[in-house]
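Structures incoming, each one as structure tokens.
In what comes next, chain A is part of two complexes: it sits with chain B in the first one and with chain C in the second one.
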Partner chain A sequence: MAVATRTPFRGLVAFSLTELRVQLHESTSIVTSLIVQVVLLLFVAILARDLLPVALFGGILFSMFALGQRVQNEAAFVRIDHKLNELYLAGPLTPEAYFLGMSLGVLGAYLAPIGVLVAVTVVVAGMSATTALVLLGACAGVWMFASSFGYFVSTLFRDMRTIWPYASIFYNLFGVLPPVFYPLGFWPAPLLPVALAMPPSAAAALVQSTIGWATLSPWEVAFATTALMVEGFGMFLFTIYWARRTVREDS
Partner chain B sequence: MSAPLPSATPPEYPRTGQVLPAFGILGWRWISRNPASTIAPIMLPFIFLYFLHLIAPASYFPLEVVGAMLFTTQNIGNWVLGDSATWRIEASLQDLFVASPMGKFRYLIGIAVSNLIPAAPALAVLAGILLYVDPASRTVGPWLVLLGVLIVLWVLFSAIGIAVSSRVKSQREIWPVGNLAFTVIGMLTPLYYPLSVLPGPWQYACHFVPSTYAALLVQGAFGFTPAPSATLVEYGILLLVLAVAVTLVALRLYVWGER
Partner chain C sequence: MTAEALLARGVQKTYSSRRAPTVEALAGVSLVVHPGERVALLGRNGAGKTTFLKIASTLLRPTGGTVEVFGHDVAARPDDVRPMIAVVPQEGKPFFHLTPREQVYTYLRARGYDAKEAKSRTEDALRQMGLTEVADRLSITLSGGQRQRTMVATVIATEAPLLFLDEPTIGMDPFARRAVWDSLRTLTRRGSTILLTTHYLDEAEALSQRLYIIERGRVLVDGTAASLKQEVGGSLRVSIAGGERLAEAAATFGSVLNDGETLHVITTPERLPELMGLAVREHLTATVGPVTLEEAFLRVVGRSIDTEE
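Showing the complex of A and B:
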């Protein structure tokens, strides 16, 4: 029996656009995507206004990180509730294109609220070209890690109700607890390597160093950059492997 | 030919008073199978507390702990929303509940009880922290006020949760709608800080939300934002009036049987 050869990422563009359209119909989700960020920014604006620039940049990075939760919910919803993954993957769409297409679709839909946050940051805190470049790279690393992780985690659950508590713990624990919305200097010094090793806080540290809110040695910059890249690409590659391995027979 | 079977008398089961124990078991089974469902309500207020502890004046900390208790109780409404919507949309269990002798009010209290169980450890830990960090709080009076306020918020926000749940159409909507309804109400009211630090128009808007009176009453009772006794009584009355009104509206909006 002939076995069709599979082109990697086949169907990526079509599925990305499909997912983008699906996501754009979820206006409630899009509107509510900045809630945690806005709440924390309000806390800062009310109680420690001078930290607002740090919190605003942190809000952008947290938004990219929280996209992982959206991917997680979407992948789980499509698989558990609608069982649509069977239909999608019965066609020529490859598992890795399914995962990446979903992540890109979610990213596309949520760029608008994140863009609003970027605009507010530029107006309130200003943004140099260096900061903008570092922010862009940091956002890419955080998004790659979070979306891959979200997709991976979604495959581990059998019902939607169980996912929410775990998602809430993970994204709030790693997005709010470490120094993302507040300066790296507030974080206990002995635990600095931990903060520089976690994707959201590593990204935040790099951005804070460009706006003068964190002083990092070259070694620390290298450590945070390497951690972000290794974790982002590593998780991405692992999730491609995982998607190929599990997506067809997991339900 | 086999002998006729002896006529078995069906065992007598109590037909009333079973709703709360049944939902209590449901709540316990849920957390015993999914411990994360208990960790999440504990974690969220603690994460906010940690963040506020870093950025806010240290003198606000006891107030923030009380705020975390109020927020945790409010957030039960979010979990009620999630459960009620999941049971209706995914498990189609609501038809069974509607067909039972249980009315919608007992369903509300039952589901609120089942969701109080995962939140209870968080409330206990926060109470311990408050007693530890604020020696002045070690008197019975403020705790009785706090208990009363928590009960009112618990019923009120569970009613809001159940009302919203009947309007949710898909599983995908539950999480964002719950976040919108409960996080915004919870965070924009002065639970974690004194009302006086908010800008004027914001302060004014807060007076339309029951949680504001809950916060003011408890903060006053513990002496974090001192107020005369008459003012505290006024806050208590306003909280009760608003809570009863909103609960009645929520139950009215709640679609129990067929639309």
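Showing the complex of A and C:
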């Protein structure tokens, strides 16, 4: 007989590596994860070549945002089809380690294609140390929000098919439509606060401001930064709470 | 751990929804599982077995009553209970993109075993479940039975103090089922306790030291397979196809059950020739066999275990 002990985030590293292995076995998904970004970049390269640097940085941020959709699909599939959440959660692995481990595993698996995109951006657009730091912070905020939100959404459905349309609407509405791939200046001025409040476009605005493609007042920079941090950390903390609460399927 | 492995008192579970009628899944289930025992919950589909198992394994909240695992209340202190349990979920599947070896090993690592111990336990569990030859194939390429064996291997490798197995051998061939039974017997010899649900009567009989028959959210009876069979009232079952018209006469030979097509008479070896003679005179086919748990189940529940709610 073996009794395990249980502490917060116990099993996090091991479960992250489990999820990483799962994802790495799905190499096709990893290889094809840049399709939307590449298609949009091609459009930009053909139609407005001078906007390519903006679109490249946007592509990196969109890639981080799209990880949320992958977490959402994985968490839903594992729960609804495999019922593996029951195997893992009725045991020493904590709910927070389960959620975060899944998110980190997905992140780890998709770092390679995102790295390729970063490399292309460096070659095509160049990247100063300041820009790199801002990009890193923006990516962290977007990832934290998107992965947490994806996990949260995954718990709301009982059938995989009903999730897909919502996922598509959400990721196009928040990732493609707002000024992520194109300059903030093209976005209607009265709706600027909306763009600065949504995590992907807030992150894009901060990066565009750093590389000189958007002119933001100090107040607008503060607003976008605060929005990204509050939404990223807020969603993360809420999802930690939610993951614990939804261990019981009737909670 | 001196307390009972599992102690349930008056467990109730009602599902309420605005969109669907209220369902009373459990209506006051009380049962006990002693440390080191193998106990089966036997019942038809929808009887409440899985609901009970989910409550006991901290995955559902009871509407009423209490369940304690080694003295810890599963509703009030789930974090104390979870390290002591391991669960094979009903219709659970391993990660499709992990091999059985990876599935078992990574699960043990996530439970806190060091690499060496996890590796050793993994190989042992794979061997016990007859998975060695397919241990490095992705689970998506395995048969349903092999996937189920992977799930069982994952859980038995933990040797957790209390194991819950919800229909553990579903989809397995007879050899694999026996391998699972052997492994579970070994586990209890080593000190683990097992509560399993099944609707395979032979599994309940072969594997469990005690069993509870559940019907419509209630425990109807509990005991050993032998004691339940004894209560049927005879050692032989005579099944007379199309023998409904003989029901009255057959009742003088022992207890009679009619499933609509066949008349089943539980009788003693002494009365057998006379009863067979009755069937022959009516030109009906009669078969004789020993009383099994099926008759005990029929007597208690009034319906075959295979009939749907």
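Throughout what follows, the second predicted complex is superposed on the first by the 242 of 251 C-alpha atoms of A that agree within 3 Å, B and C clash if a C-alpha of one lies under 4 Å from a C-alpha of the other, contacts with A are read in each partner's own complex, and residues count from 1 in each chain.
The working rule: a residue touches a chain if its C-beta (ideal position, glycine included) is under 8 Å from a C-beta of that chain, and two chains touch if they have at least 3 such contacts.
Small disclaimer: the values here were computed from a predicted structure and weren't measured.
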Between chain B (first) and chain C (second), which does A:Arg161 come into contact with in this model arrangement: first, second, both, or neither?
first
Tell me the contact category for A:Ala189 with respect to chain B and chain C: first, second, both or neither.
neither
When the two structures are overlaid on chain A, which partner does A:Ala90 contact: first (chain B), second (chain C), both, or neither?
second
For A:Leu51, is the partner it touches chain B (first), chain C (second), both, or none of the two (neither)?
first
Is A:Phe15 in contact with chain B, with chain C, with both, or with neither (first, second, both, neither)?
second
Considering only touches as defined above, state whether A:Val36 meets chain B (first), chain C (second), both or neither.
first
Looking at chain A, which of its residues have contacts with both chain B and chain C?
26, 81
Inside the complex, what are the residues of chain B that reach chain A?
34, 36-37, 39-40, 43-44, 47-48, 50-52, 54-57, 60, 82-83, 86, 90, 170-177, 179-180, 183-184, 187-188, 192-193, 197-198
Interface with chain B, chain A side, in the complex: residues 26, 28-29, 31-33, 35-36, 39-40, 42-44, 46-48, 51, 73-74, 77, 81, 159-162, 164-166, 168-169, 172-173, 176-177, 181-182, 186
Within the complex, which stretch of chain C touches chain A?
15, 54, 57-61, 78-80, 82-98, 102, 106-107, 109-113, 138, 151, 154-155, 158-161, 164, 190-192
Residues of chain A that touch chain C when the two form their complex:
1-6, 10-11, 14-15, 17-18, 21-23, 25-26, 78, 81-84, 86-93, 101, 247-251
